[in-house]
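The same chain A turns up in both complexes below, where it pairs with chain B and then with chain C.
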Partner chain A sequence: MSFIELESLEKTFTIRRKEGLLKRSKREVRAVDGISFGVERGEMVGYIGPNGAGKSTTIKMLTGILTPSGGRLRVAGIDPSPSSRLRSGRGGPNRERTRLAQRIGVVFGQRTTLWWDLPLKDSYGLMHRMYRIPDARYRENLDRCVELLDLGELLDVPVRQLSLGQRMRGDIAAALLHDPEVLYLDEPTIGLDVVSKARVREFLRELNASQGTTVLLTTHDLTDIEQLCSRVMVIDHGKLMYDGKLAGLHAVGESERLLVVDLERELPPIEDVPGARFVRAEGPRQYLAFPASSSAAPLVAAVAAAYPLVDLSVREPDIEAVIAKMYGGTREERRESLM
Partner chain B sequence: MRTRLYATVAAGGFRRHATYRVATAAGVFTNTVFGLILSYTYIALWDERPQLGGYSMDDALAYVWIGQALITVCGLMGGGFEEELIERIRTGDIAVDLYRPADLQAWWFSANLGRSAYQLLGRGVVPMAVGALVFDFTLPAGPGTWLAFLVAVALGSTVSFAIWYLVAMSAFWLLDGQGVVQVAWLGGLFFSGMLLPLNVFPGALGELARVLPWASMLQVPADVYLGKYAGGWQLAGAYAFQGCWALVLLGAGRAAQAAATRKVVVQGG
Partner chain C sequence: MADTRGVGRQSRVADIDGADRQSRVADIDGVDRQSRVADIDGVDRQSKVADIDGAGGPGLVGDSSRALASDSSRTYPLASDSWRTYRMVAGMWIRSTMTYRSSFALTLFSSFCVTFFDFVVILLMFGQVEGLGGFSFAEVAFLYGTTGTSFGLADLTMGSLQRMGRRVRDGSLDTFLMRPAPLLAQVAADKFALRRFGRVAQGLLVLVWALVLLDVAWTPVKVLLLPMMLVCGAVIFAAVMVLGASALFWMQDAAEVTSSFTYGGNTLLQYPPTIFAQELVRGVVYVVPLAFVNWLPALYVLGRPAPAGVPGWVAFASPLVALVCCGVAGIAWRAGIRSYRSTGS
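For the complex of A and B:
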């Protein structure tokens, strides 16, 4: 049995809407529609999909905040769903919940677990008590997090005065003080600048390598996945659409990267470079699309050989675009975002 | 029980509020001014009707300043935490609270205990002292009465927490708790005796007001302070009244919390 195991997991929400004076209509939304997968101990997995695909709902079920409508769910051998905890009887619901919470860490990128008005270190003292972390272990883990996440200067600063990137690092540290075996990260790099993103990624890579922490990560940023995850799962409309390597996703999705070249002057469209497709031009700047699975190097060489090249950049397709391409042309507006 | 955890939460609640010094100063000022206005109103009233509700003029004035001191401690006009909790439910931040290995109600109770303790020191003592300087109102008979008063305040604060916690839980279903908050606010203002002591209320209305939970929040502590409970048995009865309401309402809050966490959608994200 896998460390994290989902079997035909479902979550249905009923949405009631007012129609006229007394009429109410009920509509069922299947936020998670029969998802099955297993994650082994020590894996680092990306869990991606467009907004409203069901990512956060899955995470909430895995942490035991939401009860599944159907299917089975096990995390470290524990069934996290609140209703099963209520049924389990022995020791009551709180014991199961505490048992699970001791073994998982959660970071919600858009929320914080830290005490807003108090210095950062106060929140860590709280974690110390909350997870009953032995003193020596607490010291050791805190020191490590402070060093790797560069929190030393921030410990005495009230959380409300931290920047988003600082707060995120503070939250990640808070989730790790009790040595969780699994770390769920819901959009850990959302809103962060490039430097902060890099630092967070570096830390997670190091954590996974040195502590063997299993990481499940949702994100909208493909670079997170590229740099961290050997495996990616794509979900859309509550269904698992893809489970495998990131490169494979690009192949399946036939996604394209964009080569942006700045020429010395305005020139006719570059249409004679093999493997590239001319998209559009803005004065001396031209946009060429090429398959995401192939290398940009030969393309750059070919363009540089034949044209007066001043500057260039490569744009990665975002996840929504990849998924939109993967599952047909029904989402034209998403493909636009490639442009 | 996880005493150390909840003690840490309570200490955090205390210090959180202690960081807002300007708000505290503004609160002290407001309480003092409001206390002066009510005092002169009561003086006019008790001049016309001496011994109204069994209170002497000095008792009535003490009652005014106890009320001002307890406004935030016992959440007479809002518990002081429910807006934050409702906001967390509305925005979905409550998800963070729910996955923690701690009980939601015990967590908020501890945080509120810390808040109450800070409010007692920060916003209770000063207006009461100012009132005592300006007016010659009744003071407790001795240290025993002060102690008995503090116990009644602690119980009153617990009942207040339980009421406001229930109010906040409604946000899981209503998504916008404002309506319920308004009703609870109005109910608290009237039935806590903040405007007029409950023993002044006439007839059936008075009978009713004196057995509702809001009576625990100001009327009972004030009567303990004024020594209106003759002997240990009467005092024990008053504590039992507060304790029963605390248990019933905390139990209702637990039931609401269980129902909410079992089936209600955590909003957003």
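For the complex of A and C:
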């Protein structure tokens, strides 16, 4: 059995709407509509999709914040949903949820998990006791986080006075003090500048390598996925659309790479090279598209043999465009559901 | 030659070592024994933890963290875990308020004053009339003091629940739900405000005043009934607050409704039941059992008949009612958590 396992997981929200004075219409929205997947220990997985696809809802069920409407779910062998509690006969609304909380770490990019009015170190002190972290372990983890995330000067500052990037680093440290086996990151780099993003990514990579922490990451920044995750899951309309290697997304999305060719002088469009498609020309510069799955080498050779080449470069496809293509088919539907 | 020199050096080293160690010990002994104890404690704890870690070693981080997790994922009884969480969170907020002592003293004093002026109204009223609904000033003060203390205690411990509506609406309750501690304790202790003790102090003060003035034939039963009604009253108020907070999971703006039962109930109970309509009195006996906070037991203490035609023994039913209230509130709270929807994103 996988470390994180979902089996046709569902979450339905009922939306009540006013229609006239007393009339109310009820409508069911399936935020998560039968998702199944497994994540092994130590994997780093990207979980992506457009706004409202059900990413955060999935994460919230995995952390025990939301109760699933249907399906099964297990994280580290624990099922936090209340129905399982009833089945196992072990009472208490908090039991399984708190047991799970000890083993996972969560970072919400949009929201801090720290105490807003307290200095960072007070928040950490409280975590220390709430999670019952052994003293030496706590000190060791805190020192490591302070060093790697450069928190030294921030420890005495109340959270509300921190900048977004500082707060995010503080949040990540807070999520790791108790040595979680799984770390969920919900848009961890949202709103951060380039330097802060790079720092957060570097830290996560290092964490995964040295501690073997399983990481599940939702993001809109595909660079996060490119740099961190070997596996990516794409979700839309509460359904899993793709699960596999990042590279494989190109094949699914029928994406193309772009060969940018600089010629000695302006020439008619290059249309006689097999496997390439002429896109456009800007003076002596011409753009050729070719399938992302095929190699650029024969193409370059063919162009170089037939044309006076000065310079060339290959542009990787924009994953955002690839995913947009995947979503394309369902977009109309979404517009309807939003109306 | 070489041999003796070697020996000499050795002994010298030994000497130096000895002296050094002695002086260090002396220093420690002389200067502060406490720090030494702390040191020893620290070393001890470290080595204990090192033991736990030791099994893992550097290459087996996964193993050691698993050991830690299995240790910490032990379950604890809900009541003691809640109490532990409450103390921890409240303690932190108290410490953080105490960094500004004078500001705290000022807010405590103002909280005391606000509730005190509340009582001044009753004082002024009795300047004009002899009795209220057949009750003397001392008797009304007794009612005021008992409900005031009970409500103050409930407000002190559970008052933060009022703000939960905002947390449900903006989804910041998520944060509490992902921590390994009972939710109710976390929410109730959040932003714990010791200044609310002002209300308790005022209630107790009025109660003492009433007890001095009252002309009651104290029996052991009546003496025991007094602390019982204060505690049960606080529990009933607290249960109503939890019940109201549970409603916030479905209706985020229902805090006003809850306030009408808690703050409103407190105001109601400050006055004798004889001045209210019978229907209202029946309502707080049978529907929202606020009458068990002080009216029913207090009327027994004052030697007056129970209102709304209820039998005399109900004066002692407060613990039972408090228990039932807690049960209902607990069920509602659990149902609330289960239907928590969080927010988008």
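Throughout what follows, the second predicted complex is superposed on the first by the 250 of 339 C-alpha atoms of A that agree within 3 Å, B and C clash if a C-alpha of one lies under 4 Å from a C-alpha of the other, contacts with A are read in each partner's own complex, and residues count from 1 in each chain.
Rule of thumb we're sticking to: contacts are C-beta pairs under 8 Å (C-beta built on N, C-alpha and C of every residue); 3 or more make two chains touch, one makes a residue touch a chain.
What you see is a predicted model, and the numbers here were worked out from it, not measured in a lab.
With chain A as the common reference, chain B cannot sit beside chain C without a clash. When the shared chain is aligned, chain B and chain C each come close enough to touch A:T67. Of the two partner chains, chain B and chain C are each touched by A:L118.
Touch criterion not met for A:R167: it reaches neither chain B nor chain C. Contact with chain C, but none with chain B, is seen for A:R137 once the two complexes are overlaid on the shared chain. Looking at the shared chain after the overlay, A:Q211 reaches chain C, while chain B stays out of its contact range. In the superposition on chain A, A:K197 contacts neither chain B nor chain C. Of the two partner chains placed by superposition, only chain C is touched by A:D179; chain B is not.
In the superposition on chain A, contact is made by A:G52 with chain C only, not with chain B. Of the two partners, chain B and chain C, it is C that touches more residues of chain A.
Applying the stated contact rule after C-alpha superposition, one finds that A:F13 touches each of chain B and chain C.
Once the two complexes are overlaid on chain A, the chain A residues touched by chain B in the first and by chain C in the second are 13, 56, 60, 63-67, 82, 94, 97-98, 101-102, 104, 106, 108, 110-113, 115, 117-118, 122, 125-126, 129-131, 186. Chain A meets chain C in the complex at residues 13, 41-42, 51-52, 56-57, 60, 63-67, 76, 78, 82, 90, 92-95, 97-99, 101-104, 106, 108, 110-113, 115, 117-118, 122, 125-126, 129-137, 178-179, 181, 186-187, 210-212. The residues of chain B lying in touch with chain A in their complex are 2, 4-5, 8-9, 12, 15-16, 19-20, 92-93, 95-96, 98-103, 258, 261-263, 265-266, 269. For chain A in complex with chain B, the touching residues are 13, 56, 60, 63-67, 82-83, 86, 94, 97-98, 101-102, 104, 106, 108, 110-113, 115-118, 122, 125-126, 129-131, 158, 186.
Those residues of chain C whose C-beta lies close enough to touch chain A in the complex are 45-46, 49-50, 52-53, 61-62, 65-66, 68-69, 72-73, 75, 78, 81, 85, 88-89, 92, 95-96, 171-172, 174-175, 177-183, 191, 333-334, 337-342, 344-345.
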